[in-house]
Amino acid sequence: MNADLILILVVLTNLKLLASSRLGACIRTAAAQGMLLGLLPLLVHPHTAPARVVGLALGSAALKGVVFPWLLFRALREAEVTREVEPYVGYVTSILAGILALAASFWLGGRLALSTLAASPLLAPTALFSILAGLFLIVGRKRAVNQVLGFLVLENGIYTFGVGVIAGIPFLVELGVLLDAFVAVFVMGIAVYHINREFDHIDADRLDRLKG
Amino acid sequence: MKPIALLPPLLALVLSPLMLGIINRAKALFAGRQGQPLLQAYYDLWKLLHKGAVYSRTTTWVFRAGPIVGLAAVLTAVALTPLGGVPALTAFPGDLLLFACLLGLMRFFTVIGALDTGSAFEGMGASREVQFSALAEPALLLALAAIARPVGSYSLSDMFSAQWAGNWTQLGPTLALVATALLVVLLAENARLPVDDPNTHLELTMIHEVMVLDHGGPDLACIFYAAALKLWVLGALLVGAFVPLGETNAWLNLTLAVGGQFVLAVVVGLVESTMARLRLSIVPQLLVGAGALAAVALLLVLR
Amino acid sequence: MKHEALLWLVILVPMATGGLAAVLPSPRKVLGTLCAGVGVTAGLGWLVAGQVFVSGPVSAGWEWLYLDALSAYNLAVMLLIYGLSSVYAWIYFGAELRSGHLTLKQTRLFAALWCEALAAMTLVFVSNNLGIMWVGIEATTLLTGFLICVHVSRESLEAMWKYILICSVGVAFAFMGTLLIGAATRGLRLSASEVLLWTRLQPHAALLDPALIKAAFIFLLVGYGTKAGLAPMHNWLPDAHSQAPAPVSAIFSGFMLNTALYCVMRYVPIVETATGHTGWGLRLLIGFGLFSILVAAAFILFQHDLKRLLAYHSVEHLGIITLGVGLGGLGTFAALFHTLNHSLCKTLAFFAAGRLGQMFGSHDMGKLAGAMRVSPVWGAGILGSVLALIGVAPFALFMSELQILKAAVDSRAIAALVLFLFGAGVVFVGALGHAIPLAWGKAETAVKPIRASMLETLLVVIPLVLLLALGLWMPGPLQTALNEAANVIRHTGPAPAGPLVGGLP
């Protein structure tokens, strides 16, 4: 079990998110990704103060693996949707775009010259790939819940970057990231609930009355 | 030439119909039935060779050439395939491309033989076959490239030699991804579920079956045997990627590889028993997914 | 010792007020507590800001809280705007309560979010830790999101969703930039709790890794720029401003956009020093600024909704401020001056738009024609503020824009000069075409004239008088304050002075 294996699994979960149309499966995949990333600090900093690292790992794994899916499933239940509507970009094209993004992330990650800092050479590319995949989901999907998942994946990418590359970042700011993600999902969950109540759907692309 | 070098092609020629028997037996046992005898495929080949053939007046020499060229192509591919660390009969740099092209040649002649009959039914099967293999071929090539890069050689015999076959310690996650991709390609190329049901007789669901619908007698025997050889050859690649071999005993390695082939046949039987045929519009997603896994493996070894 | 306590109080008082206002029994009491709390905070804030201008930066909390000239100036302006807007909220929501459009629950929600948002924005200004500054910006996004849909409707929900999603993505990018800044400090060997402190980074910025700093600045500019409404990341702005109630729009335009731009300004001296004073970062700022001006000018031409028009004016003026910072020298001074002018003017404009919307029942400019006849006070307010916004002399906005033009000429940025003049010209013509019918046009349906109260008259007169006065005469203390604040960005002038009171060495 080393950091490389976890990072490859994270890449695979990103590809699965790009490829899947069932919202339930997407939420579970995002939860799995969150839990995998929760384990990452334990493998990247084996020599730091164990209590703080273990606490962070457990906290983020619990938050991303349990709390977020629960909030999102609640929003889904209210809205009574199970599948993504015909998205702007088809699934085959999404996977191909994902592979291109992965190649670009490897290239960019190599250019950023962080290899002396990072615990694993796969870390910067995985982080960049998660960011790109998250952006792709936000832009390319119509259901509001999928956009929230895209935001979560984006945050995961930034978190990966932070955990792996910055060895000395203050604990408070790490907490800040987790808190930010939690409140963001909470707020977005409430927002989706209101949208569904008012509109009877959660298709973000049908929110188009404000133009110009 | 050492006698052991002759064994991979010999084993292929003799044992490949047994693979089909094992698959069918595994499916039957899973369903709670007794199933066909293991050697049923041999009996079918014998029966077909003793039958006559009927040719439609609308067909030309292409129809008659199809099965023969197909069998010739896959026999050449057998000559290129290593097994259990024993190098193939002929090996040279770049033979993995020739391998892929030979499989493509076999497919091409099957397809134009099907089109030659002038039947819309077979044309439909031909178009589906071509669509799916257009997606499966890049997956195969990417997977093989992902193994070729760390090994440093483009010859199949080097890639699956005793030192590199199943080398989990050095190649690790790459091998897992490549093995998954190769399994999907194997299922797609050999017309197995979840891509194509070999037992179906419904028009709407046929792909490979429908292309060979008008062949009979010795032609059908050629096609049947060629399909078994193709399964063996692709299986040998997968076994070569998956099964770790020691460097000491060549005979042990060979036995492990043959055992691996049989285990693969059981696995295919299991997959066929547990999965339903995918909707035809979903199959491209599966194949592109396999290609994506192979691409990830390639990117991992390229950096 | 006293001033450190002030720094803490300035954050804690609004938080407490918000909590208190959420549990009071009557809407009048809620709004009254809100005004009182904001007033107290404003008093405390001006005290500590004055202290900074007199005797140098103030620091507290082991240097995690820090107020220098730049943040003190911005804090003072923000508290002024917040104070005016709180009084306006009293008036605006008072009218809604009388007509039964607002419930107690909505009032409580509004008051709580309003005060917590003030606390978050104050946190951004007093924080020395760049990570905490980011936390403050993120908090403002999430808190103000629900302020937009105090009145739940299809349009307001749509605006809220776009706002939350786009700004969250932007703020996430800004966090990535913050992390990259943290990564760039490896050459400085700072301890874990100091690695993101601005006062530690700024003096030693030459030792930071230039490639990482450049990557970081791009993320930061795009991220905070989304929150500031720079084009092309401004898409959430018109929707959010037009759908939020008028006091909230006033806060958005009046101060939240500037808060985000302040964060960018904090990073400018670091980036400039680390990249060797080549002006790389400044050129990026000029580019974004000009693009915002031109995009806003294009969209202003065909607006129908008054608040959307004002929102696009915000995009334009934020672009002007960014352009000023990018030009440097006199441009930095002018940009900070423009912050004050634009905030005052835009706040007044939204006040007027809100009240006129209440009187006429709609914000569509076709229906709002002839405002002068219905309410001379607010009609004058809207006309005056729009005229000031498009840069009519002798209002203060004209002066600050003129200074930016001079800065462009000084630094030979002729292309920037031409584009800026073109954009400003288009805005002038377009907005004037909207403003004249607004004030004196013929209304489609006759509306009864409404008398404005003394408080409302004061709310209109004070900003207009201030804008006129500042346009004609720059008071000495203001000039000193602006110079000191600009020096922080231009990183000329003395390093943070003396032993910092209350902080560890």
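Letters A, B and C mark the chains in the order given here, with residues in each chain numbered from 1 onward.
Throughout what follows, contacts are C-beta pairs under 8 Å (C-beta built on N, C-alpha and C of every residue); 3 or more make two chains touch, one makes a residue touch a chain.
All values derive from a computational prediction rather than experimental measurement.
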Enter the minimum step count from chain B to chain C; a value of 1 means the two chains touch.
2
Work out per-chain C-alpha centres and flag the one nearest the whole-protein C-alpha centre.
A
Have a look at A-C versus A-B and report the one with more C-beta pairs in contact.
A-C
Among the chains, which one keeps its Cα centre farthest from the Cα centre of chain B?
C
Between chain B and chain C, centroid-to-centroid distance (C-alpha), Å:
67
So, what's the distance in Å between the C-alpha centres of chain B and chain A?
38
Report, in whole Å, the distance between the mean C-alpha point of chain A and the mean C-alpha point of chain C.
31
Chain A residues touching chain B - in the complex, by the definition given at the top
4-5, 8, 11-12, 15, 19, 91-92, 95-96, 98-99, 102-103, 106, 110, 121-122, 125
Chain A-facing residues of chain C, complex
129, 131-132, 134-135, 138, 142, 145-146, 149, 152-155, 157-162, 164-165, 168-169, 172, 175-176, 179, 182-183, 186, 190-193, 195-196, 211-212, 215, 238-239, 242-243, 299, 302-303, 308
Residue ranges of chain A touching chain C (in the complex, touch as defined)
112-114, 117, 131, 135, 138, 144, 147, 151, 154-155, 158, 161-162, 165-166, 168-170, 172-173, 176-177, 180, 183-184, 187-188, 191, 194-195, 198-199, 204, 207-210, 212
Chain B residues touching chain A - in the complex, by the definition given at the top
172-173, 177, 284-285, 288-289, 292-293, 295-296, 299-300, 302-303
